[in-house]
Amino acid sequence: MTATLIIFFVLAALAVGGALSLIFQKHPIHSALSLIVVMVALAGLYLLMGAEFVAAVQIIVYGGAIMVLFVFVIMLLNAGIEEHTNFSKLAGFPGLLLAFALTGFIAATIARATDTVQAASQPGNIASTRDLSNMIFRDFVYPFELTSFLILVAVLGAIVLAQRETRP
Amino acid sequence: MPILEHLWIIPLLPLLGATVNGLLGRTWPNKIINSVAIGATGLSFLAALEAVREFFLLSSEQIPWVKQYFSWIEAGNFRAGFDLQVDQLTLVMLLVVTGVGWLIHIYSTGYMAHEGGYYRFFAYLNLFMFFMLILVLAANYVLLFVGWEGVGLASYLLIGFYFLRKSAADAGKKAFIVNRIGDFGFMLGMFLLFRTFGTLDFVKLFDKATPLSAEALGHLGTLTVACLLLFMGAAGKSAQIPLYVWLPDAMEGPTPVSALIHAATMVTAGVYVVARSHVLFMHAPTAMLVVAVVGCATALFAATIGLVQTDIKKVLAYSTVSQLGYMFLACGVGAFSAGVFHLMTHAFFKALLFLAAGSVIHAMGGEQDMLRMGGLSKKIKWTYVTMLTGTLAIAGIPPLAGFFSKDSILLNAYLSENSGPNVGHILYAAGLFTALLTSFYMFRLIFLIFFGKERYDEHHVHVHESPKSMLIPLAILAVLSIVGGWLAAPAFWGKSDYFAKFLEPVFAAPGGSEAGTAEAVAHALETPLAIIAVLTALAGLLAAYWLYVKQPSKSDSLAKSFRGVYQTLLHKYYVDEFYSAVVVRPLLWLSTNVFWKTVDVSIIDGAVNGIAEGITVVGDGTRRAQSGNTRSYAVWVVVGAIVIVAVIFWPHVRPVLGVAR
Amino acid sequence: MSSLFQGGHLLSILIFFPAVGSLALLLLRSDDHVFIRRIALIVSVAEFLFSLLLLRGAALTSGDYRLGEYGRWITTPPIHYHLGVDGISLFLVILTTFLTPISVLASWSSISHRVKEFFVMLLMLEVGVIGVFLSLDLFLFFLFWEVMLIPMAMLIGIWGHERRIYAAVKFVLYTMAGSILMLVGIIWLYNATGTFDLPTIQQMIQTGTLVLEPRAEMLLFLAFFVAFAVKVPLFPLHTWLPDAHVEAPTAGSVMLAGVLLKMGTYGMIRFCLPLFPDAARRAAPWVAALAIIGIIYGALVALVQPNLKKLVAYSSVSHLGFVVLGIFAFRNISMQGAVFQMLAHGISTGALFLLVGMLYDRRHTFEISEYGGLATPMPKLAAFFLVAALASMGLPMLNGFVGEFLVLLGTYQSHWQWASWAALGVIFSACYLLWSYQRVFFGEVANDKNKTLPDASVRERFILVTMSIVMLWMGIGSTYFTRRTAAASQTVIDQVEPQRPYEARVAAGVAAVVKALVGNTNNLRDAVEIPAAEGAKR
Amino acid sequence: MIPTNYYVVLSAILFGLGVLAFIFKRNIISIFMSIELMLNAVNLAFVAFSQAMHKVDGQVFVLFVIVVAAAEAAVGLAIIILTARNRQSLNVERVDLLKL
Amino acid sequence: MFPRTDDLLRALPELLWCGFGMFAMLLQPFVRSRHFFTVLALVGAVAGTGAAFVAGATPGEGFYGLIESDVFSFFFRLLIGMVAVLVVLAADSYLHRENLPFAEFYALLLFATAGMGVLASARELLTAFIGLELSSISSYILAGFRRDSMKSSEASLKYFLLGSFATAFFLYGIALVYGATGTTNLSRMDDADPGSSLLKLGLSLILIGIGFKVAAAPFQIWTPDVYEGAPTPVTALFSAGPKAAAFALLLRIFASVPAATHFWFWAFWVLAALTMFAGNLGALLQTNVKRLLAYSSIAHAGYILVAFAAVTFMANDLKGGAAPAYAAVLFYLLSYALVKIGAFTIVSEIGGWGEKNLTLDDYAGLAQRQPVAAALLSLYLLSLLGLPVTAGFFGKFYIFKAAVNSHLIWLAVLMAINSIIGAYYYLRVIVVMYMREGSAEAMAAAPVRFPVAVNVVLAITGIGTVYFGLFPNQVLNLILQPNLIAR
């Protein structure tokens, strides 16, 4: 059992634990925090796989920007403990059961099926950030440009929906 | 030969009369209507006479004389033409129909003078003449069927002439429907004949049928079946058991109608058809036997009912049924000419009787119940005399017409070898007994009406003799019913019977039984049988005299002592009640409650609406799934995910009927 | 094909002229009802006159299609604008064009609201029906078949009586349920043959180029047959008819009974038999059974209807049973009988519905019990009603007889049991018609409302006289029709039951008849006697 | 050396937990978070695969996904604010005006 | 490294749409006139649509194989562009009536259109995903555009939550496919091993994502709510645009990934059956016309899926069986888009301020009040019902043909049954309009005057519906050519 493996399992446990706590936390703010835990753990895993850039972005954009946004909104709406209603019959036991079934199935299939990808991964000769930039700005320039519009739309949406006063 | 070339003139004239009167007569005065109607029939009577004259100029191979005018129905190898045919049989019918018909038209002008819907009456009457003439002139079964149905229609209209009276309307309907039942058989008969011979033209068909060998007795061959089916039609039209029920009710119509349609002409159409199809019948002894038996039974049966009826027209009606039975008996025993002969004489005297009865009713101001008459003999002498003549004729008192015709029927019945001699003897006996009954109830009628004391109150009823227009036809008919039979008279002094001779080319063609065999044996039996017949008739007369003139009280006491029998006869053996209980009501009940209410509404429509309902319910269920709750929706998505994954990964959950190659 | 190009564009004109007329009606912004009615009348009469030209163009010498029009329409799949007329469709078209002006007249005064729409719908209906009768391309046929639904539904639903909406929806759904499967069938057939062209497919089947395996053929047959059976309507599928008829306005009923029902039987003749002969032969006993049930059942149910219009409706079920029986007896005689019966029923039942409608206009009820003794206040109407009733119960010399007689006669030749059962209908028809007639017209006037009813107006008399004359003519001059339907129906028979010597002889006879007709008519009789050559000549 | 399918299976588990959370949570914001969780799982898978196959594009996808997630976050939170403003509740189950 | 001009030309429509969208946004602070933005948006939409011809004129793949400019994408760009144009026209009066911001609306509309265009032309999954998101996110916003309306915001929320939920599946699917094939470029997947269960799983999850977009049961669940809540012109957009785009992506995947068809046939069989029934049965009892149309659009998604089953069944031999099946889908989408937009436009106009008059009762007696509107709506409904002389009939006919062609007789029969069920509720609307009398005040009220723009929309859709119903040849010739999709 090598060190990396131990680290992996620790991080994995952290991620899963965070996810679980996201589920079981009553207060959204706690959920948010547990989500951040997950993200950090994932960042760790990225590092473990040698994808530094992604890991960085994960921390900065996700853990930083997005989650902050979440927390901010939670505060803004000062959301309290979520009330525990059960209007949906379906979303009760059967729903959870089905979800478990799906998860189990997907996980099982993947576990059996990842033979197509190489069994082990070796760090080191992982793509450098240069290659990344090449990729983004040459091969994927089109979607990249599109994402700019996407963000534009997001901004627009935020303005349209969240602004308070309706124009004359 | 103007007329024979243009036979269509004969039926067309009455049709014209009918059309003119029917469409325009509404506003016309009676005179014009009379002249149109009588003119039309009279002319066609003259035309018929002319036809007879020309007919005698024809050479024998030109007979039967067939004219094809235009083809009426054509399909595949089937053709029904508007073809008219004349042979001896036709001529007889032609003369009877036009002649008697004409007389009755004349009579009606007097009788109906004060009725509403005068033009309607004559239009119908002419229409009837038209169809009747089509019937007798037709050269194929289909055209004959036209006349057949047509006269049915005319009788429907005329019976229902007083359509305000429910009874009249009912009677008309009944007549038509019962006839339809007969027609059902008649049509099937035609179909079978066409299937067998590939044609329905008389000449061709009979030519093909003649060489065939007769079918053994009791064996249901094609011909037998066909004959029986035809006879079913005949029985309907000619009011034989079991379809006779409509005729008595038909008396709801005006009396001249009863005389013309329900005594003289239409009801004899059945006999005519059987006589016309004799070739087929000769090949089907079984059918013959059935005809004979049914005819005989009807004769007897109707006579018994006639004994106790008190309505003057009802009595005559049952006697008509009974006499028709005679005619069928004759045909059944192969004595077609005798049958037709009786048909003719019967036409004379029965028309006479009806018209006389009409005159009586006219005199009594519409009274029909004999129990409310009596002692009229002096008040309406002419009517009395003529009616008496008719009675004597029908009772079979020589030398009146009825005697000869009935006599030859009985003779032939006695001689008939058809199915063993004793059958013939039984038929003879029954016929004889019927003769007895006949003379009894006929004289009962005479005595009740004309003898004894008046059983009506003078103040209301002013008995008066009918006008000339009514009496002259009576007189003529009286004469006819005296001399009408003499055609057959020579048979008695060894010579042959002219009437039979005249018809021989028609009937003797397929070597009919009567010509050869009868002649010889006949002379031996002729006289004794005749004497017996006369005696029976007299017996009936005396019985009636004793019961209704000597001591009238006796009749009632008799009725009382035989209450059961009397009631049964009075209610005509409860046949109508029986029919309505067994056929009519069940049918209506079935149609209403089973077919309509259950099958149609409940089952079929129920199923249709049920499906709709079901789908709606399911639809409501589907809507409920749309709970509006996002979490449930998420679960639905998951469900979908699982469905897809399952279908893709596990082949055995795939729908079975997926692909139908 | 070249023969198809003769005769100009008469058929297209026939189909689209009413459409143009209704368009004109739609566009002209006039609320003058009389004006609108006049226009509608003129259009429909003109259409009728056009249709008479068919008689000149249509040939008798052979059973194939005449006056054809053939144009490319849709390239993939190859769908053509293919029209044609033969002896069978000929008279059905004329019947349609004849009944339309009659319906226009019939609704002259009884339709008072949304007049324009009414006549537009009526004319559109005519378009659909004529299209159905004339199209020789399966796709085109189906198109018209469906198009016709909406105007009819509108006629019922807008101008009908109390439960009109229920009736209208029921009518549409019933019919669609049948026809949608036919669409699947048509496509299936296309996959098998690669064409929608009816004559082509017929040829393929006749020449054996196309052989369907029995199960598929039976399924196809059913897909078509059910669609048609609903329209006819055949026994278990008939329950839409009474509702539709009772709720429909007079004109609607006339068109429905007069023409629409015929589309079903026409479809059977045109498609079920020639396209799936074996299946048809296998199915014949069952179909016949249903038809016979329909005949008797319809009559019996009619017998006890308290509602006059329902009574007539059920009588249609009974009469159409004869038609179906005649078709599936596969005899030339019965086939011609069936065709004739279609026309006869169209006229006589149409007349009955007109009369019932006239009674309704006066008393606003169909309940027989409401009437009684009407012969006194309205003798003329009574007389006409009697004529129509007699015609419908098949009295000789009126149109009803010939059809029924031929059907039964022909059927008897091959299946005497069928004919014998069916003939019972003849008895029952007399029962229900006479009984209802008596209850409506005979007796004293019971209901005071009926005492003062006006007799037939001039307009009504005109309608009724026309109808009566036609009835009489069809009853006496039936050969005028049968001679023109002979060849066509023979063709159909040949396609169902090829190589039958007996029928062959009939064919010879027909040919002879035709020769006689084309030549001088004097030797006609000899010609006719060829098939039944036996029998003494004189 | 960690076999790739460890990572992928982990991502599957996280994804499943995300689904679970989506169904389980009532608070709209938390639900939205669970979506983010799912997206993270996706990212993990991408990275794992790309790294296993020595391909860069996987990581590029991750970047795109993150951008998209950000955009979604902006819009989503705006929508949430709007909803919260319209009806004083963040409970998704109370948002059921539209049904049937 | 600036992209080559060809690439730009091949992406021109989307770029134009986005560009005009951005333009609208920029001008929003300065221009007050509402008509200006309408015109601008119209110009943009038309320009993009016109650009489709340019793109079509330069066939081939662009941006290193990320997008493909072929007949297929040409058709879909035209279709989507047409939808955009019609919606722009239809929206004008609505926005005015509801007093909503023009610039933003049109900008979002154009962005959404661009997203759809990308979706239709993408040959690479990530690009498709971006396109999907572009259109989806704009749609989320558009759905909630009537901020003050509870329904609108709720629609927005539901659409957003479930939408991103499904997107996650889609994305995870992409990830797995990437894992299985090592690429996300469809053109490089043709040799993908059909046996790989990872690929199976990935494609299944992708199918879930797309199934959600096209509202295939049981993913249809969101549709009625969102359609009802969203502003009616937006609903018109939803029912026509994104659906078409998503279907386009599906077809694209079929054409490129032989493996996919093998997995998907049965899935489509089931989805089709479920969807048809879900839609028709759900609509059966609706009294809200807008919602009824929403359900009906589910049903029609089901019909289209039948054609998909046929496509998958025929594998992808474009010569033989599949070509008509593809054509069936394309033609149906066209006819359906026309009809749905027309219908929703009328609904939005009849609905009036605040979308008050949406129930059947409000339509009672419409035939007398506004004969033309009633007639047109009936025409659309009949087309949806699949009665002849309408494009809907021919579309349905073609789908039947495809199904029967692939021996999917039973699916065809199910479809037949469904069209009967469908007939019932379509007829109900017609019945209400023509055969019921409206309420007194409704009949008394002055008829709604339709603005010119709306009349234009109605004219285009109406004429189009009849024209394509009678003379579908041009379209068919376009979409029936063997090189429809680049492979």
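For clarity, chains are labelled A, B, C, D and E in written order, and residue numbers in each chain start from 1.
We take it that a residue touches a chain if its C-beta (ideal position, glycine included) is under 8 Å from a C-beta of that chain, and two chains touch if they have at least 3 such contacts.
These figures come from a predicted structure and were not determined experimentally.
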| item | value |
| --- | --- |
| Chain labels contacting chain C and also chain E | B |
| Chain whose mean Cα position lies farthest from chain B | A |
| Innermost chain, taking as reference the mean of every protein Cα atom displayed | C |
| Separation of mean Cα positions, chain B and chain A [Å, integer] | 102 |
| Centre distance in Å when chain A and chain E are each reduced to the mean of their C-alpha atoms | 31 |
| Distance between the centres, which are taken as Cα means, of chain D and chain A, whole angstrom | 6 |
| Separation of chain A from chain C, taking each centre as the mean of its C-alpha atoms, in whole Å | 72 |
| Residues within chain A bordering two or more other chains | 87-88, 91, 95, 99, 102, 106, 109-110, 114, 117, 139-140, 143, 147, 150, 153-154, 157, 160-161 |
| Junction residues of chain B, two or more chains touched | 623, 626-632, 634-636, 638-639, 641, 645, 649 |
| Shared-contact residues (touching 2 or more other chains) in chain C | none |
| Contacting chain pairs - touch in the sense defined above | A-B, A-D, A-E, B-C, B-D, B-E, C-E, D-E |
| Chain C-touching residues of chain E, taken from the complex the two chains share | 324, 368, 382, 387-389, 393, 397, 400-401, 404-405, 409, 412-413, 416, 419-420, 423-424, 427-428, 431, 434-436, 471-473, 476-477, 480 |
| Residues of chain E touching chain B in the complex | 157-158, 161-162, 165-166, 169, 197, 200-201, 203-205, 207-208, 211-212, 216-219, 221-222, 224-225, 263-264, 266-267, 269-271, 273-274, 277-278, 280-286, 313, 406-411, 421, 424 |
| Complex contact set, residues of chain D against chain A | 1-10, 12-21, 23-27, 29-30, 32-34, 36-37, 40, 43-44, 47-57, 59-60, 62-64, 66-75, 77-82, 84-85, 90-91, 93-94, 96 |
| Complex contacts: residues of chain A adjacent to chain B | 87-91, 94-95, 98-99, 101-102, 105, 109 |
| Sites on chain B touched by chain C in the complex | 66, 68, 70-79, 81, 142, 145-146, 149-150, 153, 156, 160, 163-164, 166, 169-170, 173, 176-177, 180-181, 183-184, 187-188, 190-192, 194-195, 198-199, 201, 203-204, 207-208, 587-588, 590-592, 595-596, 599-600, 604-605, 608 |
